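Structures incoming, each one as structure tokens.
Note that chain A is present in both complexes that follow, paired respectively with chain B and with chain C.
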Partner chain A sequence: MRVRDLMLVGGVGLGGTAMMIGRAATPPGATISGKVTFTGTPPKMKPIDMAKEPFCARLHAAAPVLTENVTTGPSDALRWVLVYVSAGDQGSAPATETVRLDQKGCQYIPHVLVVQPNQPLDIYNDDSTSHNIHPLAKVNAEWNKSQPIGAPPIHAKWESPEFIPVKCNVHPWMHGWHLVLTTSHYAVTGEDGAFRLQGLPPGKYTITAWQEQFGTQSQDVTVTGSETKSVSFVFKATPY
Partner chain B sequence: MGKLFAVVVTIITVVSTAIFIAHTWWLPPDISAHGHAIDRQLSETMISSGVLFVLSQLALALFAWRFGDREDGRRVKPFPGGATPMVVFAAVLVGAEILTLTLVGAKVWAGVFQTPPDPNSLQIDVQAEQFAFYFRYPGPDGRFGATHPELINEASENFFGLDPARDTSARDDIVVPTLTIPLNRPIALTLRAKDVNHAFYVPELRIQQDFVPGLTIPLHFTATQTGRYEIVCTQLCGLGHYNMRAYIEVLPQAQFDQWLKDKAAQQ
Partner chain C sequence: MRSHTRWLAVVSGWGVLLCAAGGGAAPARAQESHIGGMTGHAAAAKPLYERYCAGCHGDEGDARGENAQWIDPKPRDFTMAVFKCRSTPTGTLPTDADLFDAVTRGFVTTNMPPWVALTPGNRADLVAYIKTFSPKWKTGHAGTPITIPPEPALSIESMRHGRDLFQKMECWKCHGTSGHGDGPSAATLTDNKDLPIHPYDFSSGSRFMCGVTNRDLYKIFMTGLDGTPMPSFADDIKPADGWDLVHFLRTLQPLDTPEARMWKAWLATHAQELKPIGPPGTGQ
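Moving on to the complex of A and B:
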């Protein structure tokens, strides 16, 4: 049974909440849920000045976009953390639905996007300015494509598992991630830092949390039946 | 045919000269303390070369009008000594003009580019990269943090490769994408390129200077008018060159001080 947490971003992502939407009915199997938080003082989320691109600067004139490399939420929650089954997965069917990445207001939405190998990925330019998407892949083939105003979506896919940083060659502040995973048991934390992995067959799993600046943490968890186990990840934050 | 050619040459000469005299497509207003010297030099160059241009074109038209339709095959009048002395004479004439303009112009250029900046200049670091400019101010401590190219990370807005974890002087450095400067205060820029050649060109400031990777290039000027002006890259630096620009914002001193204070508080 394949379980997928689909992450949608509300609004234009201006500090909005990433909602974790599971399947309508809870799939059979165990659940591992929890929260990702930090201790210490995280780096400041700095306002991004988009003066170079007047179209995007106007869009964010009232509320500047903040850097997303370390995004915090209430109660020391950490947003944009990938939590996934890094070992023990008992088989994940390949995903076929198309994942959408938007370039909107000179931001990548979502900031962290997860796909499985060969899953279709459509990349849209929603702005009245050109973008140049440049995934800095090392295992997969690196590419770099311009997408002018009104251009059709770029159809892409990644063949091999890899965590790929993505930048825009025209707008240096634009930064995101394409995370290519073989497992379908994953979640990306929202503003509350919560995650939920459902439909896990009984067994022993290694659950890994990845944050782009703080790195990874892993825990072994054994589940049986339809129990729900709670796991927490706490990253040590430093201001610089 | 010779008369038609003479008419066309005369029309081209008159129209193009009129366009220059009327300043139809001219430089934008000068907003720099040194710009008047550049503008004066440009005018002298345009006048001296313009006079020669008009005289030579009109002479061409005159000869074409008078002799272009002759069909008897006679030469008008040979240059004394033949073709070689004529070419030498032309080369010396044009060479003398170019050399004179170079010597006079070099003095103006050196007055801008080879003089030391005012010791009280506001120091600002400039980093050019494909395809943006970033500007760094030393912050309240008055000192720039050291730069480490390997630490450059656009995701965290560390465009200069600062190391605030270990280098306390880097913690208050102010990095912005708009060059904000106070009015009538000498500005000393230090230009560095992250990747390839770029250029810093502000027509209103009468300043154009290349960035060269590996070189630290000083540049200084004083802005004499408030306003917002465009900084453009004039070295073809890659596919996104068309979009490599930034803005320079010239503010009265009090407004600039407030701006700097606000930015320092955000660090």
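Moving on to the complex of A and C:
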């Protein structure tokens, strides 16, 4: 089972090490694992005022949703960081299983979603309010569709690799990412900032970590056999 | 004098005539357009584009022309190949005829004038030229225009159903419960360049961004205005029902239209039958 599968089964949106839930067995090959953290002062995760959408405001009355552009965890961990093989990938079969995106409580779940080119993507509106889903693609085609209450899922796919910001114009705080990757070796960090790329054939890889506000960092890593190598990424955080 | 010239450019909308952009070595333009029986040639449009368009849209079509900084809303960035007024589904390229109509019609409430002073052949050439600015015109092709059923006869039932759709589709979230463009989400709307943008105010009675006819209005909400917050409702409104929404939307305009006359006459004796438009709790 590849890392991608783990995300689908485990539900990356659940936080922590949720993405590891459901891992049946370690696939053959090497592993690159580690943690993504920050130094400095990151922006505070601010409560989102959903007063203009009473349905969603009621849902979160007890605990307001926090902004997710920089999401921190214990021990300076950074959540929602994509870690992936950006060079050296030796190819993998196209992904065919359907990825699910939910609009729930006026949030995108997950906030950061990874798909491969032409992989089916189903977008659900679980709310008792309308959303419009507006991926601001540049390489791929930008589109914008309404999804009223009770509407069936929108079936979508992306043709080309691209990191696509997605927003709902009706609810301007709704912001997420569709990350279209050709590699199947990727992970999105949970609250603990941990990642694990498994099943890597021997070779030299460039491992890149991407955070939506802090940008990218890359490291070259060479692995052999079934060894596990540890790699860490540290982003310098600024409050703005 | 220079700033004065710029000011003229902004207020007239035709000012690009006054400050034609300098020449930039453009690559050979092999693109064509096909509108009806006309064929437009990009190569023929270079001097036209540089004289009439580049002042705002930029020599490279990137919306960075000399006048662009003074213009709001900003000129179209042709390098993105994202266009508001289309007969084709959201996420697809417009037809050549869509682009030709846009150049001919201009964009109301913007600095883009109707270019009727240019011959149809000139406009067809310019459409071909516009298509040279993005590789998407090489790798892709125009979408298939949506199918629009014939407009049915006007009726109160049609308008009432259209009003129900206005409520159900939550058009009022942006356009307001009375169509004044003052819905709860209106103030925070931004376009695909993160610039503020306003929803259409039906009470202005102004032309629509993409035309003036009922058919144009139908296309606007069925295809969406790509690059703006206006989404496509093609997945949510059945083709025949789209006309019901058109008929109701016309009643929101302060114009002497058949829809407005019929609606006003009916309202005089039936207004109490209508539930208010708006969020739950307002009678819905």
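Heads up, the rule we're going with is that the second predicted complex is superposed on the first by the 219 of 240 C-alpha atoms of A that agree within 3 Å, B and C clash if a C-alpha of one lies under 4 Å from a C-alpha of the other, contacts with A are read in each partner's own complex, and residues count from 1 in each chain.
The rule is simple: contacts are C-beta pairs under 8 Å (C-beta built on N, C-alpha and C of every residue); 3 or more make two chains touch, one makes a residue touch a chain.
This one's a predicted model, so the numbers in the text were calculated from it and none came from an experiment.
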Practice problem: Could you check whether chain B and chain C clash or fit when both are placed on chain A? | Solution: clash
Quiz item: For A:153, is the partner it touches chain B (first), chain C (second), both, or none of the two (neither)?
Solution: neither
Quiz item: Taking the superposition as given, does A:170 touch the first partner, chain B, the second, chain C, both, or neither?
Solution: both
Exercise. In the overlay, answer first, second, both or neither for which of chain B and chain C A:142 touches.
Key: second
Exercise. May I ask you to decide whether A:238 touches chain B, chain C, both, or neither, giving the answer as first, second, both or neither?
Key: first
Practice problem: Considering only touches as defined above, state whether A:201 meets chain B (first), chain C (second), both or neither. | Solution: neither
Quiz item: When the two structures are overlaid on chain A, which partner does A:48 contact: first (chain B), second (chain C), both, or neither?
Solution: first
Quiz item: Is A:134 contacted by the first partner chain B, the second partner chain C, both or neither?
Solution: second
Quiz item: Which residues of chain A are in contact with chain B in one complex and with chain C in the other?
Solution: 52-53, 130, 132, 146, 169-172
Quiz item: Tell me, which parts of chain B touch chain A in their complex?
Solution: 129-133, 153-157, 159, 164-165, 171, 176-178, 238-240, 243, 245-247, 266
Quiz item: For chain A, which residues are in contact with chain B within the complex?
Solution: 43-44, 46-53, 67-70, 130, 132, 146, 165, 167, 169-173, 175, 212-213, 238-240
Quiz item: Hey, which residues of chain A end up touching chain C in the complex?
Solution: 52-55, 129-130, 132-134, 136, 138, 141-149, 151-152, 154, 169-172
Exercise. Would you tell me which residues of chain C are touching chain A in their complex?
Key: 80, 82, 90-92, 136, 140, 168-170, 173-174, 184-185, 188-190, 192, 224, 226-236, 279-281
